[in-house]
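Note that chain A is present in both complexes that follow, paired respectively with chain B and with chain C.
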Partner chain A sequence: MCEDLADIMPPEYQELVATATFGNQDRGWKDIGSSKELIEQHSLCAGCPESIAFRYILASLPAPEDTVFVGSTGCTSLVFPHVAVQNIHSLFGNQNAIASGLKRTLASRFPGVEKDVVVLAGDGATVDIGLDMTMQSWFRQEKFTTICFDNELYANTGGQESGLMQKGFVAKMAPKGKNFDKVRLAEIAREAGCAYVAVLTVSKPNRVEQAIKNAVLVAREVGPTFVQLYTPCILEIGKQSMEGLDEMKDAESIGGRFVQKEFITDEAQKLLDSIKEETKARKKAAKEKKSVNA
Partner chain B sequence: MNKQVDLKNKRIIASNHVALGTKNKKGQTYSDINDIFYNSEQTPNFLTGSEVIREAVKRASVGTSVAYPITPQSEAAALIGELYAEGYVDEYFRGESEFAVMGQCAGAAFGGHRVMTTTAGPGTLRAMENFPMWAGSRLPIEVVVTCRGINSPLSIQPDTLEMYYLLETGMMVWHAETAQDLYDFILKGFIVAEQPDVHIPIAVCCDGFFVTHTKDTVDLSPVEKCLTPYDPYKAPVPCMDMETVPIRMMRDPFVMKSNYISYATHASWQQEVKAAMERSRKHTIPLLDGLIDEENTDREILIIGSGTAVSQSREAIRLLEEEGVKVGLIKIKTIRPFPTEEIREATKNAKHIFVPEFNVAGWLAREVKAILPNNERVYVGPHVAGGMTMPSEVIVEQIKKHLGMKTVPMVAR
Partner chain C sequence: MSHYEVKAGPEAYLPPAAASMGNVLPDPGQAHIGGVIVPEEEAYEFAARKFLEAKVPTIFPGPLVLWKWNEHAAEKAKAIRELANELPMRLIPMADYRPKYPKIDAAVEINPNHPNLTIWHNKIDVCIFVGVHCHQANLALKIIRGGTDCYTMAMCAQAGHEDACLSFRDATPEKIRKLTAAVKKLKSEGVKSQAEEFTQIKMTREGRVT
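Our next item is the complex of A and B:
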């Protein structure tokens, strides 16, 4: 913190400096509650699963101080003003184009530092209006992570049909029910060249943490990564505020649309295995050191 | 607005965070823009407009350039790729559409690089949503627009209609007449756009084919001298919304908030972008030697033009002179900001003003009419469109006709 200005900075900033988990390489969802979170409030609906997704993601980023979020228009963009990570909002659907230019420039300007770029956009932005740019960034093997908050519709504009909506769902602009299947984005991502793909809900924080960490770390070393998170729009599917978690648990149970799955290339798997080994060894060494000191 | 700027002893200072006199990895010496243009020997070269774009970029310390093929800028975009392969440009790739390319350029500019790209006609329109975003985000990106037709049926011919669409994007819009202008404007455009009190994007426009695909003699500054790179730390706003945690540009003006603060912030921000454009004048005037060029503006008949319409007008003026009709000329170099005061002053004595243009809308004539007193003096035209040429004889004929002089129809010659 800049000492000269410390006394005029707001308490939120003071807290971020004092108790946030910047620089802690083992940061994770378990820090929630005991440290300053990088998101403290949100402007989403009460009980919106997207808000808990934001908390888990922000808690799981390996290096938030060197991360830039690229957002898009939609419910996600309502949250970015409240997030203590650098972020860019430019237009609707061009998020992966922005991220491509940004990641390359950061790599060029800061050759010695890992600068993580993470796209975080809704399903309309990722699959409909932005699919071209989403896929092209994967074709080009751009080294950043794309996270799609899949709520299976356009929530922010009031519940219109989207490509990731289930077939048959009656929505605005699909008055007779959507007449084609939910786009198989995870498979598209795999075929388009993503080194790591994960599909899951945000019902279980440890799973979200692992997927986000895997995605960001693989994007650093190997190539593009994609995480699709089910964050149901409780408002538009007629649920109550407290029913979001149940909806996600239903969707991820056997036969559901969001049974957890991962596609990992051999190269990415090798990297993840080695990171796992390193982490294990590091933690073991730390523990031993601690017990020796004790 | 439009205050007269004193030119005496004005000097543009580019960022010199990279020490002047040191060398880049290609052995070029980082040099002051004034030194490059005014204290160095300029060597004549016989080049196409596309090659001129390459030569300018070679001396511009460009960080990122993103390319996409569209006639007539494809050759220039590919030549910039060769500069990348040679190491003169740090990052370069082909995007998937102009909409994506302008987004990729924005990403690179957010990341702190000097960014330039090229586009034309339908590409300019496909990219359009990005331009006001660039301006609002205060990204000093330079786009070279090699104008061509935008309408259906498909046309690749020169036509300046797309510039009309650029006028209210918040970008500076400069219009090169010749390949020499193009060279100068590309290099000087970066310097003006990146001034901390300006810091908005710039479109350097030229007429496709007429400028890009013809060869012309162009004085080039020494290739051993290049601009200092863009300095992102001189940006007047945090280049990303959260760069200075927790001061968040997004928080108050953000789109979904329906409250007075939101409206007020948006309105004042739009005015700020306009004000930044106004502030560009004082930097542009010394570098371009004024926003307009004047020739014999004491005459009663004047032609006002921009781009290659100016070249055609010069020849028309010569032809008219042979017949004893004396006509003056105003060449407009910057369409945004518009040289309102300069044109008012230069047209004080004019009784008849003609505005020849290469587009169906006659947008330059509208711009001129909008700022002049007694604007019935302005004759909208002649203008041609869709790639038609505008022979000087047509300009001569229109002027004579309007003045009630006897004309011989072109077909009768």
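Our next item is the complex of A and C:
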């Protein structure tokens, strides 16, 4: 903040400067509760798993100060205006096309600074309306991360069938039940050229953190990455506010639709291994320095 | 097309964009008053007079001067504080553009989505925007003219704003200080500030101090 005007800044901004984890390379979900979060509030339904997914993702970004989100139409677009990370709202479905241009422009405008671009959209935008743009960005090996909040239907508009809805599911606006299988987007992403793909629920914050960090770091160096997160719409599947967590735990249990899986190319794995080693060495050195000082 | 005068509102729920009424932006070295292009020097004095005759003159500093992006931003912030101290004027920040439903404290902050709330709450009759990104300033200026009787000014770092009642362009710390100098000059000539007594906002991480 500029010193001459710092004393007129509302407390939440002073708190953001003093305790948010900008610039901390070890930031993660464990900072939630002890530091200022980058999501101040949200306008989602009470108990919505998307809201907790947002908190974990924002806490896990390696460099939020140098990250730009690209959102799309859907429940997620109700949240973006509230977050303390740069973001762009795209037209329904063209989020990966916008992100492609943005990533290239940022690389040109800020040479020498690593600018992360992260697409965050629902399953309708990613798989149905925007599948062309999504896949084309993967074919072109655009270096950014695509996150899909998969709630298996069009929740925001009342429960229409989506490509990621499971076969046979009956929704409010899909009364006959879905006739086709859930699109296997993770496999499509792998075949389309994504260097890192993860499918999981948001029931376990440490897993979400690892997947987001892996995806963003691999996207910087290797190529496109994709993370599919199950964030059930409790309203549209007939659950209560407190039942979202149980729903996710059921879906990730053995035989469930969201058993955690990852596809990692050899090149991406090599990069992740080297990052792991570096982190380990850095933490060890910091620990030794601390003990010497003590 | 007849001249469209950009005067203080309330113009209507949705005032027309001044550009659509034929108003144009000033060239370098110029400003506009009510949509009429004038030399910049003339606008400094006019703006200073407006501040001095106001009951609640207020500066709305935006993100470009509140956050220390670089030394230039810090210098602008310093110049803004000098201007506020000279009159004196209230300083109410627009720290970012989040809508902040439903908890915005209209007494101490403003956002471009509901600037009228802050104007109404504080009974602001003359204001100036500094360091607000143009697209958000345009939105806020139109809303203020639509629903309040506040006289709006813009100290724009780009090409100026047609929808402000008075707009400077190419703002620099030097230009802000020229405005301060114009206020000083009028005061030295005997023009007294009509501003009501107030205490400048002071915040800490714990909350409002004054």
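Please note the rule applied: the second predicted complex is superposed on the first by the 292 of 294 C-alpha atoms of A that agree within 3 Å, B and C clash if a C-alpha of one lies under 4 Å from a C-alpha of the other, contacts with A are read in each partner's own complex, and residues count from 1 in each chain.
In this section, contacts are C-beta pairs under 8 Å (C-beta built on N, C-alpha and C of every residue); 3 or more make two chains touch, one makes a residue touch a chain.
Source: prediction; values computed, not measured.
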Partner chain in contact with A:L5 - chain B first, chain C second, else both or neither: second
Which of chain B and chain C A:S35 touches, first, second, both or neither: neither
Partner chain(s) touched by A:T146 [first = chain B, second = chain C, both, neither]: neither
Chain B versus chain C as contact partner of A:T126, first or second or both or neither: neither
Touching partner for A:A97 - first (chain B), second (chain C), both, neither: first
Contacts of A:Q14 with chain B and chain C, given as first, second, both or neither: second
Which of chain B and chain C A:T225 touches, first, second, both or neither: neither
Doubly contacted chain A residues - partners chain C and chain B: 10, 13, 43, 81-84
Complex interface listing, chain C residues touching chain A: 61, 65-68, 73-74, 76-78, 80-81, 91-93, 95-96, 98-101, 103, 105, 108-109, 200-208
Chain A to chain C touching residues, read off their complex: 1-5, 7-11, 13-15, 18, 40-41, 43, 81-84
Contacting residues of chain A [partner chain B, same complex]: 10, 12-13, 16, 43, 68, 70, 73, 77-78, 80-91, 94, 97-106, 108-109, 132-133, 136, 140, 156
Chain B to chain A touching residues, read off their complex: 63-64, 66, 90-91, 93, 95-97, 99-101, 103-113, 115, 129-130, 133, 137, 240-243, 245-246, 248, 250-251, 254-256
